[in-house]
Each structure stands twice: as C-alpha cells, then as structure tokens.
Amino acid sequence: MDTWLPSLITETPQDGYDLAVKLSRVAVKLTQPDAEIRDRLRPEYAQDAEALIAVSQVVATHFATVAAANGYWKPSK
Amino acid sequence: MDTWLPSLITETPQDGYDLAVKLSRVAVKLTQPDAEIRDRLRPEYAQDAEALIAVSQVVATHFATVAAANGYWKPSK
Amino acid sequence: MDTWLPSLITETPQDGYDLAVKLSRVAVKLTQPDAEIRDRLRPEYAQDAEALIAVSQVVATHFATVAAANGYWKPSK
Amino acid sequence: MDTWLPSLITETPQDGYDLAVKLSRVAVKLTQPDAEIRDRLRPEYAQDAEALIAVSQVVATHFATVAAANGYWKPSK
Amino acid sequence: MDTWLPSLITETPQDGYDLAVKLSRVAVKLTQPDAEIRDRLRPEYAQDAEALIAVSQVVATHFATVAAANGYWKPSK
Amino acid sequence: MDTWLPSLITETPQDGYDLAVKLSRVAVKLTQPDAEIRDRLRPEYAQDAEALIAVSQVVATHFATVAAANGYWKPSK
C-alpha cells in the first residue's frame, strides 16, 4: 500500500474530521482487500441505520486521536 | 461540503454537547450522502431503543473530545 | 431546550456519576424528541439485559469525561 | 440513593478494578430500579457470552478512569 | 479472590498486552463465577467471529490503560 | 508466543496504523489459538459489513494508544 497517512496534522478541525473518516475506512480495506466484495457490501450497510451509527462511532474514536494530535487546533499562545 | 466545523471551542458545556451531536451526525451523512435514504432510516432507528443508545454512545465519545478541547470549560485561573 | 448543562464540575464523584447518567439520556431525547415514543421504549429496554449494559457503557464514557473535568475529585494540594 | 461513591481513590489496582465493576453495575440499577426484574435478567445474561463480553467492556472503560484517578498506583517519587 | 493484580507496571509492551488480556477476562469471571458455565460458553464464542472481535475490543481498551500506566514503555530520558 | 511487540514506537503514522491492526488481531489469536478455526471464520466476517466495522473500531482504539505513545509523530521542537 502506498503512503496514505503521512501525518496526523491537519489545517482545520474539519480536515481532521475528514482524516478520521479516512482512518476508519482503511481498516476495512486492510481486512477485506477485495474491492469488489467491499463494493457489494457498501449499499447494504449504507442503508442500515445500526451500521451507519457504528461507522460514526469509529469515526468518533479516530477523531479523538486526530484532535489530540492537533492540540485541538487551538491557536498557540 | 461547506465549512461546518470551524472550531471545537464553544462558549458553554451545553453548546459543546450540541456540537458533539452534530459531529456524530456528519459521519452518517458522509457515509450515506443520499438525504432521501437517511430520511427513510430516521423514523426507524428513532423508535429503536438499541439504536438510540448507540447514538448516545457516539455523542459521548465526541463530547469527550470537545470537552477536552475546551479545557472542560473551567474558568482559567 | 433550556439550560441543562451549566457546568461539568460537581462536588462529589457520586454527583459526577449522576451527571454522566444525565448526559447519556439527553442524546436520546435529542434524537427522539417525542416523549410519548420514549416512554413506550423505556419499559422495553429496561427489561433487556443487553440494552441495560449498553446504557451502562454510555454512562462509563461520560463518567470518564466528567471525572477528568473534576480532576478526579482529588483534594488540591 | 445513599452514598456509594465517596472517592475514586483506592489502595491497590485490584481494589480499583473492583470499583470499576461496581461503577458498571450502578448504571444498570439506576436504569432498572426494580430489583426483582434485575434478578430475573441476571441468570440470562450471565450465560450469554456476548453479554459477558459487553459487561467486560464497560468495566474496562471505568477501570481506565479509576486507574487515571489513582495515577496508575505508581509510587510517588 | 486472591491478589491477581498487584501492579499495572510490566517490563515490556508485550507483557502489558498479556496483562490487558487478563484484565478483560477477570470481569467475565466476576460476573459469571461458575467455572463450569464459563467452560461451556468458551468454545461457543471462540468460534463466533463477532464475539472474538468484541473480546479484542475489550483488550484494546485495557491495553490503552496499561500502556499509559507504563509511560508507553519509553526509555526514560 | 515469540516476541511480537518489542515496542510501540514506529517511524511514521502509517506504520503506527499497521501496528494497531496487528494489535487488534493478536487478541483474536490468543482467544482462539486454533489457526484452522480462525481461517474458517475469516471469509465469513470479511464479508459481513458489521464485523468489518467492528474490526475497524478495535483498530481505532489501538491506534489511539500507538499514536499517543509516539507523541503523534510530531517533530520534536
């Protein structure tokens, strides 16, 4: 796999959130490397409320990490 | 997507809680961008106790991050 | 919604635990604002062991935040 | 409810673990105050592997808090 | 129960991981003290992918605590 | 088991993510030591969206630990 995570530092909180989404997806890719199977699963869980909430939980966990890494994007004093 | 997360800093704990709710919802939007499908899912999970608890778990995880970012809203000494 | 979370600071650990319970319930209210539906769901999940454990998990996550906010209620030196 | 959580400080890690177990149980009591119903649920979930693992997850979350509160029981230097 | 957790400090990260596994198992023992029932449940969940992943989640939570307690096993400067 | 976790320190965030994936897998191995059974379970959960999301959650929890251990890979000042 190519470099996909050079740094946890992002310019804005929103970019950090996008990175958290990315971090949550890569583990799925590494566990199920077959893109065709993933594509088959996607419409299924994207219409399943419980799966969507579970995805949101993973994103929340990664966002905590990214936010801490960025000092919560607070202006340095 | 427009800017929806300019900062993690909020004036009060309650505003921070509202931000945590927002943070928990955006991941669902990003995973299921079709608003019509989301609208169809909503009444379903909003009447499902386990789904409501799971949503509350995601909010709790984000609230931890927002609270830390705000130094727990303690008056600075 | 009126002010329900003026502060994360509590006098005792036990008050902090009660606040964690409150924090876990508000997200449910915000997701399902209809009190009648919530009242219908309550007896159901309150007799479901897995749902009770899931509630306890949410409380644990919020308690971690409240405890950190209060410096774990350690006497200041 | 009487005072059941005067402090998060324990003498040993093992006492802290016991406190984490207690913390995980109280939320269940507060959500289902009827002792008779809880007694009915107990044998059920105590024989359900997934429920036991879920209980263990709640304990782990509370143990993290208790351990942090106690400075991980490291001898002060 | 005898002393089983004298300290969170371990010599290596791997020992810390083993301790996290132990910490995740004790909660199950305390909730289901009957060894015979636990022995009956074990082969069942050990062949259930979702249960194995849930166990791994508990271990991850405890490992976070143990790692923090050990200062991440970084050589002190 | 041989030494498989000599350190939590990695050179890059991406290496840290790979370590988090490894950490999430070892708990499964320790709970189900029979490689044949694990091999039988793998194709099953690798095609189950909810299981894949649960794996991603475990990875997220370990990644938080590894990232903290590495000071978030920020250049030291």
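In this document, chain identifiers A, B, C, D, E and F correspond to the written order of the chains, with residue numbering beginning at 1 in each.
The rule we apply is simple: contacts are C-beta pairs under 8 Å (C-beta built on N, C-alpha and C of every residue); 3 or more make two chains touch, one makes a residue touch a chain.
A quick note: this is a predicted structure, and the numbers were derived from the prediction, not measured.
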item	value
Chain labels contacting subunit A and also subunit D	none
Steps needed, at minimum, to go from subunit E to subunit F via contacts	1
Residue-number overlap at the subunit C/subunit D interface, same or different (half cut)	different
C-alpha-based rotation, subunit A on subunit E, 0 to 180 degrees, nearest 5	120
Centre-to-centre distance between subunit C and subunit A (centres being mean Cα positions), rounded to whole Å	27
Intercentroid distance (Cα basis), subunit C paired with subunit B, Å	15
Centre-to-centre distance between subunit E and subunit B (centres being mean Cα positions), rounded to whole Å	31
Contacts with two or more other chains, residues of subunit D listed in rising order	50, 54-55, 57, 61, 64, 68
Overall pattern in which the protein chains touch one another (line/ring/star/complete/other)	ring
Ring path (origin subunit D; first step to subunit E)	D, E, F, A, B, C
In the complex, subunit A residues that touch subunit B	12-14, 17, 21, 46-47, 49-50, 52-57, 59-61, 63-64, 67-68, 72-74
Contact footprint of subunit C on subunit D as seen in their complex	3-9, 23-28, 30-32, 37, 41-42, 44-45, 48, 50-51, 54-55, 57-58, 61-62, 64-65, 68-69
